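Consider the two complexes below, in which chain A is the common component and chain B and chain C are the respective partners.
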Partner chain A sequence: MGMAVSALEAKRLEAVLKGDEEVEVVGTGTDAVAYALMLVDIDVTAAYPIRPYSGVMERVARLIADGYLKAEYIVAAHEHDQFEIVKHASAVGARTFVGSSGVGWLLAIEAIVPISMDRYPVVALIGNRALDDPGAYGVEHNDALMVRDVGWLLVWVDTAQEALDTTLIAYRVAEDPRVMLPVGISMDGAFLTHSEHVFKIPPKSKVQKFLPPYDLGNRRLHPSNVISVAPQVNEDWVMELRKQVDEAMKNARKVIEEAYRDFAKIFGRDYGNPFVEPYMVEDADVIMVGMGTVSKPIKEAVRRLRARGERVGFLRIRWFRPFPTEDVIRYLSGARVVAVVDRDYSFGSPFDGGVLYTEIRSALYEAEHRPLMINFIGGLGGREITYNDAINMFNIALDAARKGRVEQRVIWYGVRE
Partner chain B sequence: MSVQETNIYTLEIIYRGVHQRHLARNLARGIVYAARMEGSVALSYQRYGDDPERDGVPAKYFVVIAKGASEEVLDAEAARVEPDYVDISIVLDDSILKGIESWAWQGIQPVHLKLRANGLLIVVSRRSPEELLKYIPARDTPYTLVVVQGDRSIGDFWTFPDDGTLERVMGAIARVAPNVLSLEGVKKYLSSLDKPEVRVNRALEAYQSLIKMRDVKPGEGLPYKYEPPHLPGWKDMMIGGAIPGLRPNQRNPYFTGGTAKHYRPVINFDKCIKCSLCWVYCPDSVFEITPDGYFNPVLAYCKGCGICAEVCPVPDTIIMVDEMEFEDGYGKYIDEYRYWKENREAYRRWFESLLPKAQVISVRKR
Partner chain C sequence: MTVQVRLARTVKDLLQMAQTEYYNSGHRTCQGCESAMVLRWIAKAAGPNTIVIGATGCMYVANTTYYTTSWALPWIHTQLSSTGSAVVGTAAAIKALIEKGKLPNERINVIGICGDLGCADAGLSEVSNAMTHTKYNFLIIMYDNESSANTDIQETTMTPYGALTSFSPSGRQIRVMKYRWKKNMAAMIAVGHPEVKYVATAIATDPIDLYNKVKKALEIGGPTFIHTLDPCPKGWGFDPKYSHEIGKLAVETGIWPLFEIENGKFRLTSTSARIASGELKRKPVKEYIRRQSRFKHLTDEDIEYIQRKVDEMWEKWLIPGLIPLTKELPYPETTKSG
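Right, the complex of A and B next:
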C-alpha cells in the first residue's frame, strides 16, 4: 500500500476493507464521497476537473493509485464526455460515478438528460457552484436545480458523514429495479466540499450486505443480449416512456424509505425521516426551511432563540426529487410563518422568489392550514450566512407572525443597495 | 357568436422527400392563397414525422379550406399531426401509388388510406387510370381516380423545378372539384406570380384537356390489407425504451422503407463479377449474398439511391429502372436472383427489355 495516504489513514482504510469495524477519519465532504465509492466498489468513473467537485476525483485517483480501489478511471476531454462515458459504461453493466460543478454540470446537460431517460442508475456528485457569469467558485444551488424536471433524483447533504452515507444509499436506490434512475448528490461548494469533518467509514463487509450487485437484467448491452437502446420513436412512444419515468420517480419514495430503514439496521446510524430533517419544529410558530449547509447557522439561531423563549424551528429538505410533499405539509402547516431560505434564484417565477420557496408554496396549497410565507434569497455565490443572519431572518418572520401578515414576500437578504 | 354549418374541405398532397418538397410546399401554399383570394379561409401543414429531408421518403402536406367561414373555424384543424380524413388526395409521383412508409414508420399505408368515400385521388402520371389501378390496393368504399397528364417532377434539396406541375394540378382541381377551388381563384393566384400568362395558360390547359377519370368501385385494385404496427403501452415497453435488437443478418421487419424509391436496381447476374462493391457501398444493407456468391437486392429495404449502379465496375450490370415498370409493391417485391436462377434466358430477355428504359446504367452513362 502506498505512502501517499498518511500511515494512520492507511491503517484505517485497510481495516474497513478487511475487517468488520468502522473507523474514524478526518476529511472533506468530497473525501467522504470517495471513501463511499471505495466501499461500493465502483467499476468506472469519468473525471474532468472543476472546483469544487474536483476534490472527489483527486481522492478517487489516490485511492486507485494506492490500491484501495480497483476501477476504470477515465479522464474525459470535457464534462459532456464525462457524462457520456458513464452513461455508456452503465449501459453495459458497470457501476459508475461521475460529478461536476456549476457550468461544468451544465456543459454536460445534453448527456445528463439521456442518463435518466434511458434509465441508467449513475450516481453523480454536484459540488454546488454559482453559474457563470459573473465568475464565482462559491455555492449556489441553481446548477443542480437545472435538472429538477428530467428524472434525476436529487438529494442535499450537510455533513461529510451524511455525504458518505448518502452515497451508499444513492446506489441502493438508483439501482433498485423499481427505480433505475440516476441520483445527483448535492454538496455546498466550499462549506462542505472544502471543510474538514470527522466522520466514520463503515466496513466494506456491511456495505456488501446493504447493496446488492448492480444488475441491469435484460437491459444490459452485451453481445449475448442483443438489444437496441435510446431509439428515435417520436410521438408514438414518447409519452409512454416519460410515463415510465414518472412511475419510477414515484416508486423512489418507497424505495428511499426502505433503504434508510435497512441502512439504520445494518450500520446503526438512523436518520429518522429520510426525506427531511425536522429540528425543533414541534410547537414552533416560525419554521425556517433550507437545503445544504445553511442548516448549520440556522440550527444555532434556533437554539439561541429557543433559549430566549421564541418558538422557532427548522426543516432541512434532504431529498428534493422526489419532493417530500407529505412531510412538508405535515411539518409546516402547523406553523404561523414559514420562512424559506433559498441559495438559488428563479427570476420571474410566480412571486419572483427562489426555487425551493416556489415548490414549498405549491406543496402547502394542499394543506388544510396554509401558513404565511416569507422567502429569503441569500448566500449567493458563496456568500456567508451566519447564525446572526439567521437570527435576523427569524426576527423578520417572528414579526410577521405577531402581526399576522407578511410585508415583503421575497427578501434579498444582505444585498447591498 | 353562433356556430354555423361550414363546408370544410381537406386535401392532402403526397410527394417524395427531397425531390418534391419544394413542389409540395409551393402547391400547398398556392392552394391556400388561391382559396383565400376567393374569400375562403385556409391553412396548410406538413406531416412532420415524415421527415421529408430524407431522400425519396413518401411524405404528406395537408391543406384545409373552409368556404365562406371565419378564421376560428380552422382552429380545430390546426395543430394536428394529420387529419382524420381527406376529400382529395393529390399524388405528385405515380410510383407512390405502390405504398407509403413515412419515416416515422406506420407500416406500409395504402395511398388512399385517408381518402373519404367518393373522394378524389388525383395522380400526376403519363399512364391511364386503368394502368394505374394495377398499383393501387382495393378498398371498401368507392372513389374517383383522376390523372393529370405529366412527367414526374423531380427537384433536389434546394431547387424547385418550375416545370408547370403546380399549375396543372391546380387547374385539375378546379376542373374536378370546383366547389373546393374555383378556376377564378386559381387564375387570381397564378396572375399574382411572375410570368402570370404562362402559368395561367398551363392551368387552363390542364383544366380544358383533362380529364382522364375513372370511378373505382369497392374491391377494385390490388388485394392488400393495411395492418398498422402495434403500439405498446408503458407497462409493456422495456424500461427506458430498450427494444430487442437485430442479430447479424437479421432485418428489421418494422422498418422496411422500400417505398421511398422511384427507381430500383436490376442486376444482370450473367455479367456480375462478384466484386461485392454494391454490397459494400449500399447504405441500407440491401444486398444479400447468395450461396454462389452473387449479390441479390432485397427490394423491400431499397430506397432507390442508385449508389450500387454508380459503383458497379462492369458495364450494363446494375441498372436503375422506373418503379412503374414493375407490378409489385406493398411489401412484396420481385426476387431478382430467384427469377434469374429459375430461367436465365427469360431473365436475360427481361433485362434487355429494361436496359433502354434505365435511368442509370453501371459504367456507361446514358
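Right, the complex of A and C next:
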C-alpha cells in the first residue's frame, strides 16, 4: 500500500529518466505499466479503487508524489466518472491513462463507448476480473470482451515486460492519426497484476524517439478552435461515422506492425509477429490457443509433450481487436485439431462455446483446410489452470486428432457436477 | 472579500456590455424556451475564451443538432450524468498542459451545462465529486426545467410537488402522483462543499442578476455552481408568450428565491432581496400555479399546502432558500463541560 520508492529504485528511476541505458527492476505487472506511464509522460489520469487493476494507480500516485511523473491525478466518484474525465482531458489535448476491472469496467461502459466513437486515444488497463454475482477477485476475460464490438483496440499481455512494452506501443498506435482509437490492455488479475517479475525499464530518451507528442490537430478543443464535438446527428450521419471507426480499426493492423518494427529497432526487443505468439506450431497436429497467462502452463505442456514426440503447439492471441484473422488462418489451418482455451463464456452463443472459440471458428471458415475444433472453458473466477490441466487438455485434443473426430465440442474443464 | 469584476447595474449596462452573441439564433429549441435564454446570457457573460460542455438533455438535442449548432464557442457533448466528470477532465487537462508548456498560460473558462435530470439525478455524484476538486476552475450550470423535457416530459426529482408529467399523471385513483418535494440543489452544493467559493440561483427573466452571477462565478475561480429555474412552455403548459411572466411570478411568489453564496457569505439578490427586506410583498403562489396546465388538477387545498410550504421557507427556515431547518429546532448548543 503506497510503498515509498526505495533508495535503490530511486537511483534506477533517475537513471532511466536522465540517462540512455535501460535498468532492471523487480515489480508486479501493474508496476510495469506505471513505469511505462512515467516514460510516456501522461498528462492526466483518473483513479478509482477496484481490485486487481488498482495497483497501477497506487504506483502512479507514488511516482507523482515523489516527483518522477508530473500529471494531474484525479480520484473519481466511480468508474463512469473516471472514463469521462479522461475522455474530456484527451479532447483538450492531454495524454491520458485510465483503468479498471470487472464490474468497474462495466459500470463505465456508457462512458467507454463515446471514447472510441469520438476517436480519443485513451489507453486503459483492464486487470481482468470475474463479473458479479457472486463476488470473485480472480480473472475472467468477459470484462474486457464486453467492448469487443465498439471500436476499442484490445490486447492481452502475459508478462510484466510485455505489459510495459505494450503500454508504450499502445500510445504509439492509439495516437497515430490513421487510428485515433483507444487501446485496452488486458492483464490477468492476480496471475500478472500481483505477481512479481524481473523486467527492464527502457530510458525515457528512447521512448521519446519512439513516441511522438500527442497531437489532435484540428480536433483539439480550445477557444482558438471553435468546433462542436459530437453534436446530435441522428440517422443523417451516424452510419458514416461508424464507417470511419471501421476504417480506423482496419488501419490499426498496419500501424501495429509498424510500431512493433520500430520498437524492435529502438529498444532491441523483438516480439516477432505483433498479433500472435506462435509457439512450436510448425508441423503441429494439435494447437492449443489462449490469451494471457494461460500461456505459461500450456507452453510447459508443449515442451514436455514434444519431448515425448507429440506434435503439439500453442498460439497465444495477443491482439484481439483488431482480430488477427490472417495469422489465425496461417498458423491454425494446417493443424488437425485446434483446441481453444476460453477464460470467458458466451452463454447461448453458436455451439455454446466461449468468445475466443467462436471468433477463431469464424476466422477459420475461410481457410482451405478447416481443422477440427475443441473448446475448453476453464479458469473462471480466478481458478488456476495448471500444467497438469494443460496436459489433460492436450490429451483430449490428441485423442480427437487420432480418431479424426471431436466427441464433445465444448468442455467446461474441471467443472464439478 | 467581494470578487472584483465589472457587473451590470442596469439594462443599459447589460446591453452595452454584452453585445456579442456566442450562442446564436437558428437553434431548434421550442418557442418560449427559457433554457435557451439562460445559455445565451451565460455565453455573453463568459465571452470567447471559453470551452462549453453540454450533457445530454434538451439543450444538447435542440441546440447542437449537426449543421444547426448555435454555439460560437468550442463545444463538446458529454454523457447525461457526466457534467462533473467532463469539467474536471477539461480543467485538469488545461492545467497540466499549461504547466508543461504545451498550452499558452491564459485563463480559459470551462462551463458545464446540464439539465435537472443529468445534474440533480443521474449526475449528482459526479457533480459532488467535481465540487471538491478545488485546484481546477470551472462553472457548472444546472438548467432546471423541472422535468426530463427532451424525452416527453417525465418526472425528475426536481419536478415540483403535484406537477403532471408523463410519469406522474393524475388519475381516478391517485390525483397527485408527484408527491415528492423538489430537491434544494444549490443549497446541497453550497452546504455540502464548504470550499466552493460561489454558488447561486438565477432565472433568465432577471438577466442582469443572471449575467452578473455568471461573471462572478467565472472570476472567483475554483469549482462554482449556478442553478437556474427555466419556465418550459411544453412541459409546464402555458402559451410560449408568457414564459417571461411565469418566470417573474416564480420569483415574486417566493417559490424561486434568488440568492448567491460568495466566499461563504449568503445573500438574497434582486427581487428576492426586496421581498426579504419587506420592500415587496410575496404574491400568492396561486397566481403562479393557476397559470400552468401541469397544475390544473390541483385543488385549492393542494395549493394551500404549497403556499404553507413556501411560507415556511420564508418565515421559518434558518436561511430562506438555503437551510430547511426551522428555528423551532434546537440549535447545536456548546456545552460548558469538557
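Here is the rule we use: the second predicted complex is superposed on the first by the 414 of 417 C-alpha atoms of A that agree within 3 Å, B and C clash if a C-alpha of one lies under 4 Å from a C-alpha of the other, contacts with A are read in each partner's own complex, and residues count from 1 in each chain.
Everything that follows uses one rule, which is that a residue touches a chain if its C-beta (ideal position, glycine included) is under 8 Å from a C-beta of that chain, and two chains touch if they have at least 3 such contacts.
Keep in mind it's a predicted model, so treat the numbers as computed, not measured.
Following the overlay on chain A, a clash is recorded for the pair chain B and chain C.
Put chain B and chain C next to each other and count what each touches on chain A; the higher total goes to C. In the superposed model, A:117 lies in contact with chain B only, and not with chain C. Of the two partner chains, chain B and chain C are each touched by A:237. Legend: residue contacts after superposition of the two complexes on their common chain; A:218 is shown touching chain B, with no touch to chain C. In the superposition on chain A, A:180 makes contact with chain B only, not with chain C.
In the superposed model, A:227 lies in contact with both chain B and chain C.
In this superposition on chain A, the options for chain B are 223-231, 277-285, 331-339 or 349-357, and chain C clashes with just 277-285. Comparing the two complexes, residues 226-231, 233-234, 236-237 of chain A contact chain B in one case and chain C in the other. Within the complex formed with chain A, the residues of chain B that make contact are 49, 81, 104, 231-234, 237-247. Those residues of chain C lying in contact with chain A across their complex are 48-51, 53, 60-61, 64-66, 69, 71-79, 81-82, 84-90, 92-97, 99-100, 102-103, 108, 125-126, 128-129, 133.
Within the complex formed with chain B, the chain A residues making contact are 117-120, 180, 218-219, 226-231, 233-237, 239-241, 243-244, 247.
The part of chain A that touches chain C in the complex is made up of residues 43-44, 46, 70-72, 74, 76-78, 80-94, 96, 110-111, 114, 213, 221-223, 225-234, 236-237.
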